[in-house]
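Common to both upcoming complexes is subunit A, partnered first by subunit B, then by subunit C.
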Partner chain A sequence: MHNALNRLQTTFGFFTTCAFTLASIIALLSIVPLPAPVGSPSASVSVRNVQVVKGRPHYYATKREEFDLEADLSSLFTWNTKQLFVYVTANYPTSKDGQGGISEAVIWDTIIPATSTPYSWQNLKQKYFPDKKKSKSKSRRESLSKKSTDLVKPGFIALKNQKPKYQITDPTGIISERANATLHVSWNVQPWVGALIWDKGYLGSRVGQWDAGKVGKSETFSFPPLKGSKPEVVKEKAPQTPKVGSASPVVEI
Partner chain B sequence: MDELLDQARSIYEGEIDFEGQRLAETISTILLSISGIVAFLTGFITQNIYQTLYIGLGGTALTFLVVVPQWPFFNRHPQPFLPPRTGRGALAEGISVEVDGKKVS
Partner chain C sequence: MFSSIASLQPRQLAAQVLNFALVLSTAFMLWKGLSVFTNSSSPIVVVLSGSMEPAFERGDLLFLWNRGMDTQVGEIVVYNVRGKDIPIVHRVVRRFGGGSAPLQLLTKGDNNAADDTELYARGQDYLERSKDVVGSVVGYVPFVGYVTILLSEYPWLKTAMLGFMALTVVLQRE
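This part shows the complex of A and B:
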C-alpha cells in the first residue's frame, strides 16, 4: 500500500472478492426461493389440426400442426430473472411397446425478457442521453417495442392457432401414425447470477412447482397418416420380371 | 531539474507513510463492505437488481477515489529519518581515502 499502483491493485482485489460474495448470496437466495414466490406457474395447451406431409427428397415425413397455448408464468420472474425461455415439445413413445422411451421434439419456443424497469440500461440511457432526431424511423420502432414490453405483464401467454416454429421429424423417418403423443409446455429461467433453472429438474420443483391440474400437458393425440395416402391401397398385379431360369418364351401381359 | 523529476516521481508513485497505509487499508475494507451490504439490501428490498449493480459500482468508484490518490491526510506521520551524513560529522576524521597519494573525501 506504499504505492498508488499497489493501493489500486489491493482495492480492486478486495472489490472482486466482495462482488463475488454478493453474487453467490443472490444466487443462493434465488434457489432457496426467498422471497417465496407468490403463486405458481400454470399452463394449458391443446392441439388442433395435425398434418403429416412428406418433406424433402430424403423422405423425411414432416409434421405441421397448430396449437393453443395459455400460460401464466409470472411467478417465475424474480429480481434475479433475466429472461424466461418457454418451449413446447411434442412427446411420443418411440416404439409401440414402450421399449425405447419417450421422444421429445421442440416445436415452438420463445424468450420472454424481464420487464424493463426504470433503472435498466436502455431506459437510463434514454433519459440522460436521449437519441437525437437523426433517425425518426428508428426511434419510432424503439418506442413501439418499448410500449409492447411495458404494457404486457411478463409471463402471461395467450396464443390461439399458433403455428409451430419448427417442423419435426423422427429419426426413423416415419412420424405418421404414431399414437400416444402429447404436447408439453416447459420453461427455463435464465438468471442474472446463478444457476439455470429447468422446470423438470430439482431446482425447478423448488422454485416453480406447476399448479395442480394445470401442468401444461395436452390431451393425447395421434399423428395422422401421411397426407395424400389412402389407408388401404390395393396393389394391382403388375407385370414382374420373371425369375432366373423360369422365363417362358411367351410373355403374359 | 533533478528536484523537479523527483517531485514528479513522488507524485506519480503516490507514496504515503506507514500510518497512512494502515488508514488506507482500513478505509478501503470498510467502504467496500458497506457498499456491498447496502447494495444488496437496496436491491433486495426494491426487488430490482439494477439498484444493486449501480450502488455497488458507485461505492467501488468512491473507494478508489478516496484510497488511491496521494491525499495529504495519508502523509500526516512522516517517518523521522536521521539527517543524511555529509562527511563533516564526528566519524569523518576517522575515515580518509587516499588515491594515488592524494587525499579524497
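This part shows the complex of A and C:
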C-alpha cells in the first residue's frame, strides 16, 4: 500500500495536477485580463513609394513599396508574453467591382521576443559558468548585444523608408492600377501558455485595444501602372508613361 | 502470479473487462466529441518541426478551432499537403477571395525564409480554406507533446512502456 512505486505515482500525479492548475490560472489571467493593461498600443504607418514591375514568368506582376512605421506596442508585453509578432499587410479589393472581398498580403513582419528573465537557463549559466575562452572581439560583441536588449524596452518600432521583406503578387497576375489599397499594422501575442491573441479578434479588443486615432491604418493609395521593365530581364516592351493623375503617391512630411 | 488471475470468478473477470472497455470508449468519445465541437479532424496536434521557432518549439501541444471560415492574415493554421498526410503548422501570409469566391491562402513558417509554395502539391499555388486546412491555432501548451514525438521516433520506447505498464498491473495484484 505504501511502497515506493505507489509513492512515486502519487507524487507524480500531484505534480501533474499542480502544473495543470498553474497553467490554467496563467492562461485565464492573460485573457481576463488581470492586472489591467497600463497603456494601449498605438501605431501609424504611411506609404512612401509604390512601384509595379514585371516579375518572373512563374510569379506574376510584383509590387514594391516603401513605408514608414512608428508603433508603440510595449503595453502588450505582459508576464505571459513570450514574443510579439508584428506584421504590415497591404489590403486591396480583389476585384474592381468590389464583389470578391478584400485581398491581403503581408509585406513586412518582425518577431519581438520578450526580454529574458535573469533566471532563464542561458542567463544563469552565463552568471555562474561564464565562458573563459573568449576572444576580445567576441566578448565586445556579446557585451554590446546584451546591453542593447537590456536597456531597450521591447515594443517600440520606428522605421523610415523601410523596404518590404516580401514582394507581393496577385493570383490573377495583374496588380497594377488597383485602387483603394491600404497598409495595415497588426500584432499577434504568443503567450508562454494559453490562448494566442490577435489584434483583430475578440480577445485583442479586451487585452490591447488600439489607441483612438492611431489604429495603424495608412491612407488609401492606388497601385500605379506597370513600370517600364528592365531590358535584360523581359522581352522588349515600350516603356509606358504614367497617365496623368495616376502617378505613384509620395507622402509629404 | 497466474494463480491469482485464474482464481477470479467469471463475473469479476467480465466486470474488469467491461471497466477497461469503458475507459477506452470514454477516451475515444471525448476525442471525437472535441473533434465535432471544433469541427476539425484533429483538434489537438503536436508541433513536429522547428519551422515556427521561436513561437512554437518541437513538442508543443496546439489546440485548433475550425469554425472560423474567414481566416485572416496572421493566423496560424494547420494544413495537410494535398496527397500527403503530413500536417504542417505555418502562418497565413496572404489571402485572396472570401465573400462568394472560395478563400485562398498562402502560408509561410516564421523560421523559413521563403513561403510554402514549394511545399504544396505540384500545380497548387494556394491553399483552399475549405478543403486543405485542418484548423486554426487558438491556444497552446509548451513541452507536453514531446512524449509523442519520442514515441514515434523511437518505436522501441513504445514496447518498453507497454511492457512496463503491463508489469506494474500484474505485480500490483498481489
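One rule holds for everything that comes next: the second predicted complex is superposed on the first by the 214 of 253 C-alpha atoms of A that agree within 3 Å, B and C clash if a C-alpha of one lies under 4 Å from a C-alpha of the other, contacts with A are read in each partner's own complex, and residues count from 1 in each chain.
Here is the rule we go by: a contact is a pair of C-beta atoms (placed from the backbone, for glycine too) under 8 Å apart; a residue touches a chain by one contact, two chains touch by 3 or more.
Small disclaimer: the values here were computed from a predicted structure and weren't measured.
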Subject >> Most subunit A residues touched (candidates subunit B, subunit C) >> reply: C
Original post:
For A:Thr78, is the partner it touches subunit B (first), subunit C (second), both, or none of the two (neither)?
Top reply: first
**OP:** Identify the partner contact of A:Tyr166: answer first if only subunit B is touched, second if only subunit C is, both if each is, neither if none is.
**Re:** second
Original post:
Is A:Pro130 in contact with subunit B, with subunit C, with both, or with neither (first, second, both, neither)?
Top reply: neither
**OP:** Would you check which partner chain A:Lys200 touches, where first means subunit B only, second means subunit C only, and both and neither mean what they say?
**Re:** second
**OP:** Determine, under the contact definition given at the top, whether A:Trp192 touches first (subunit B), second (subunit C), both, or neither.
**Re:** both
Subject >> Doubly contacted subunit A residues - partners subunit C and subunit B >> reply: 5, 192
Subject >> Footprint of subunit A on subunit B - complex, ascending >> reply: 12-16, 21, 24-25, 28-29, 32-33, 35-36, 39-40, 43-44, 47-52, 54, 56, 60, 63-64, 67-70
**OP:** Please give the residue numbers of subunit A that touch subunit B in the complex, ascending.
**Re:** 1-5, 7-8, 10-11, 14-15, 18-19, 21-22, 25-26, 29, 35, 78-80, 117, 119-121, 192
Subject >> Complex contact set, residues of subunit A against subunit C >> reply: 5, 23, 27, 82-83, 85, 87, 89, 94, 99-106, 109, 111, 113, 166, 168, 170-171, 186, 188, 190-196, 198, 200
**OP:** Would you pull the subunit C residues touching subunit A in the complex into a rising list?
**Re:** 54-55, 72-76, 91, 93-101, 104, 110, 115, 125-126, 137-142, 168
